[in-house]
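Same chain, two partners: chain A is paired with chain B first, then with chain C.
For the complex of A and B:
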């Protein structure tokens, strides 16, 4: 019996339309746009000005603090302006605009295909290279990776867990990455293990990707201490806490506890690949794999995309936006963000572009709760979503806090299982944000 | 391109479940029991069932429209049909029409709509209707036709049910267990055939409409308690299998106690709820004045559900396996 996490979870149809599509390369955009805030933490600070020439890999904005990340140009050309741009959050955010001319790369970057296996750097050097390259968590959270690689001194980490789960339906970017670059990923895993002084690394992969499990298993024989762990399919297995529970059988307690408290650290396979490129190839994080898909999309595909490319260009590459499209999503169908327009640029955290037909995009009419308890059994955090939503509607923030609302991971299992079609997560999010604000101001007073 | 994109937050997927799907699956699961009752009680069972369903739907429709003045009718969600079916299943097959209509009015009007309709009623509406009839028309509600009178309705010949025999301690006159399992005994329309009810149970589990917790904990509790009494004195107390196969235990455990609205939300709560129902039924059967206690047991436990929901929280993530 394959491992999986213990509480709740759902089984959406996986719809991996692009599972066997080799990753192609997206064309260069005419203009690339780099939002200054594409990671958790302080926005980056521009270090170029209008009219400056940049190459591929030139630093254009430097980290604005420890919890922040460098941003590099993914194209060569001239900085045309620093202005605001509509991003996936639906707000206009400051960004650097670069008009593309040619494709000239910084000389330090090794663009060859050869896999560089050996690494003689010290842990500090590795982490500083990762930091310079602007690597962030590529599974969606976009937490700066160098921060994650610098755990508290007293933490006793035993195991690196690599997240190759890709539990979101439709997305296959990580799957293809594992099939097409297995060696790079395994070298990346060894590098992270070295940086953290770990003996053990596990790559968790869901059972719908057995080809990747077998390939990596075969290759992992050459490396010390790396184990490939196939996992029974269940959403949200790619959630950090769920993955640790599935692989190690340990549950991270409620915040402020972090994975290090149970001896684990998790990195997404995309991030591992970016770390490999940063450390072994001097390649900053300027491109990533993106799945462009949807049931009515003509040529759903996986593309290697330079950051800053407008999403509309990827949609063109996939055969254009289907007539019946009702919703455009950045990310997967369970946790992705709805987009206001296709002009939004690809950022470090863009894992997919999904077009949902209009009929499926319209929510059904809400009915009163019939107390069927399906949301309760679906919740992977052991919460009672029906109650949270009701407390939110009533504005009973105090009780919501007592009922542990803050541990919700916003996975959407509850809402996607409710026969009465209650907008459970909408209410939960509202409640969580409000309660979070109350907690912060209470702590500030202390 | 600018064909007006919908902006609603995640999740963007739904598993397709609806209120209707659940209700209709329960209705489907009741069909074997309906067929069985037709085979044993004939036309009478169909007349009573039809009358109950039609009047329940009618009352829900008219109360929604004329008293609550809501635009949207709720009769298509299947819950009124289900209440009608369940009410009928708890009635004898020779019950006069006017009593059935009164029962439906109480079930839908008092049991359900006064609280605001589906989802808000604290008590199982069908049982509210049934218990009202039981105390209002005690004689009519406690005489049951004997099986095999396929064309009879109000004129059917009545006889003692296994439960009455158990109550009187006339253990030796009980029909064979096999006949009771099939349902060839006197009793309410839907409760007699254990076999048919179990088929329905399997369907509900298969379709993931309900979980095993409530029905199994009720059945186990009844079996264990009846078994203990039987071991103490097999002369006056019936074999525990008789207790399981007689009266409303099966119908109640599988279809009435599992009503979403009036049962607890967590597995733990559901097990406690089931055990308490089992306990209450056996206490009423063995020591109370009524031969059967399933309806009362469920209604009593319905009232405890909010407390159970408060006590039995699911284990939060981080608390498991510590």
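For the complex of A and C:
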């Protein structure tokens, strides 16, 4: 019996259309756009101005605080302007625009394909290299990785868990990364283990990717303390807390507790690969794997894309946007964000581009709650989503806070399991955002 | 037989008497002394419990009044000035002159003015639509049209216009409680002074994008040209983040800015129509004045 997490979860159709598509490239854009807030925390501060020449890997915006990340140019050319651009949040945010000229790289970056295994750096040096490279969590939340690698001193971390779950339907970017770069990922895992002084590392992979499990198992024999853990398929297994429960059988208490409190630290495989490239190849985070897919897309594919490339260019590479497209999503169908335009640039957290046909994109009519409690059984955090939604509708924020709304991970299991098609997640998000704002303003007053 | 009746009467009578005396003493001993003024003030308040005064309800307002000992700094915008004067008389203080206000919707992005680019399909609440992104049009500052303001209004003073898809304030019913102002996630609604004869001049747009971007998104967006700022003799208009704003305290209602605006979004409401048309002030609707 394979392991999985204990509470809730749903089984959406996995629809991994691009499972066996080798990662291609999308080509260089004419103009690359780098939004200044591609991560959680303070936006980066531009350190170039209009007319400056940049190379691939040049720092163009420096971290605006400890919880923030550097942003590097992924193309060579001239900075044309610093202006606002529509990003995946659905609003215009400040960004740096670079007109592409040629493809000239910074000399320090090692562009060869050889796998550099040995690493003689001290933990501090590793973390500072990761910080300089602007690496953020690439599973979607974009939390700056150097912050995660600097856990509180009293935390007793036992195990590094690498997230190769990719439980979102349709997405295969991480799957292909594991198949195409297994050695790099394993070296990355041992680098993180060294940085944190850990003896044990686990790579959790869902059972729909047994080829990756076997390949990594074979390769992992050469490394000390790395174990590959196949997991039973269930969404949202890629959630940090769910993965810790699945792999270690431990549950992370409600905030302010963090995974470090139960002895775990979780990194996405994409992040591990980025850490490998940052530490061993001096390569900042300037490109990532993106799955471009959808049921009526002509050539669904996996692409290695430079950040800043407009999503429309990825869609072209996949054979253009199908005529019946009703919704364009950045990310997967469960947690992705709908895009208002295809000109949105790829950022560090863009894991996929999904085009949904019109008839599937339109929501069914909402009907009254029939008290079936399917949302309660589906919630992986053990919350009562119907109650959260009602409290949000009524504006009872005090009660919602008592009911632990803040631990919601917004995975969408409740809404997808609701037979009455109630927009539960919409209400839950509203409640969580409002309560979060109230808590923040209360803390600020103290 | 008669003994049984007599004993019952005696026992019950004595018990009743003793309990009565006991309850009387207890009620005297533990009487909660409440100021009679609280009840009389509360009777004068509208009893809508709208929260517009900043207190949880009318009784809380009355209590706060008495606790403070005066009406200073407190006002019930729902009550008529006479009622406030009566309350002030109860408190033995003078009533402060409060400028009556009215809610003003600062967006003209009707379906005709603002082309729809996307379809929002989620729960029909502006606060949720606002989280999902910029909205259905290219203007990320304007009205979302789900009617959060309408659902919070306790005085039936704001309605969605079926044609334009924008909320319309009924200035007779509006009591300026501010519920719609805080319900609007985009801060479109503002409380502005009613002035003499309810006349108001305001910029009916909140778009802070640069001129070309704003104009592309909406035909009647403020483009931040600054012509109104130059036209104003009283320094009442400021330009911040490509958006003009008329300070209601400084504005003298001269209407010089209205004709200057190339986008025709400075609204002058309840002014008599220009002379050639010879209309009485009652029949002049907002839009007519605006287009004039």
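The definition used in the following text is that the second predicted complex is superposed on the first by the 446 of 446 C-alpha atoms of A that agree within 3 Å, B and C clash if a C-alpha of one lies under 4 Å from a C-alpha of the other, contacts with A are read in each partner's own complex, and residues count from 1 in each chain.
By our rule, a contact is a pair of C-beta atoms (placed from the backbone, for glycine too) under 8 Å apart; a residue touches a chain by one contact, two chains touch by 3 or more.
If you're wondering where the values come from, they're calculated on a predicted model, not measured in any experiment.
S.K.: Applying the document's definition of touch, where does A:7 land relative to chain B and chain C: first, second, both, or neither?
M.R.: Touch partner of A:7: chain B, not chain C.
S.K.: Touch check for A:299: first (chain B), second (chain C), both, or neither?
M.R.: In the superposition, A:299 contacts neither chain B nor chain C.
S.K.: Between chain B and chain C, whom does A:340 touch in the aligned arrangement: first, second, both, or neither?
M.R.: both
S.K.: Would you sort A:368 into first (chain B), second (chain C), both or neither based on which partner it touches?
M.R.: In the superposed model, A:368 contacts chain B only, not chain C.
S.K.: Determine, under the contact definition given at the top, whether A:429 touches first (chain B), second (chain C), both, or neither.
M.R.: both
S.K.: Just checking: does A:92 make contact with chain B only, chain C only, both, or neither of them? Give me first, second, both or neither.
M.R.: Once the two structures are laid over each other on A, A:92 reaches chain C alone.
S.K.: Which residues form the common part of the chain A surface touched by chain B and by chain C?
M.R.: On chain A, the overlap between the chain B and chain C contacts is residues 90, 337-338, 340-341, 361-363, 426, 429.
S.K.: Show which residues of chain A lie in contact with chain B when the two form their complex.
M.R.: 6-7, 10, 12, 90, 169, 241, 245, 249-254, 257, 312, 321, 325-329, 333-342, 354, 356, 358, 360-364, 367-374, 376-377, 379-384, 386, 404, 407, 410-413, 415-421, 425-426, 429
S.K.: Give the list of chain B residues in touch with chain A in this complex.
M.R.: Residues in contact with chain A: 1-3, 5-15, 17-19, 21-22, 77, 116-120, 211, 260-263, 265-267, 313-322.
S.K.: Give every residue of chain C touching chain A within the complex, in rising order.
M.R.: So the residues of chain C touching chain A come out as 117-118, 121-123, 125, 127-128, 131-135, 140, 209, 213.
S.K.: Quick one: in the complex, what on chain A touches chain C?
M.R.: Answer in residue numbers: 84, 86, 89-92, 337-338, 340-341, 361-363, 366, 423, 426-427, 429-430, 433-434.
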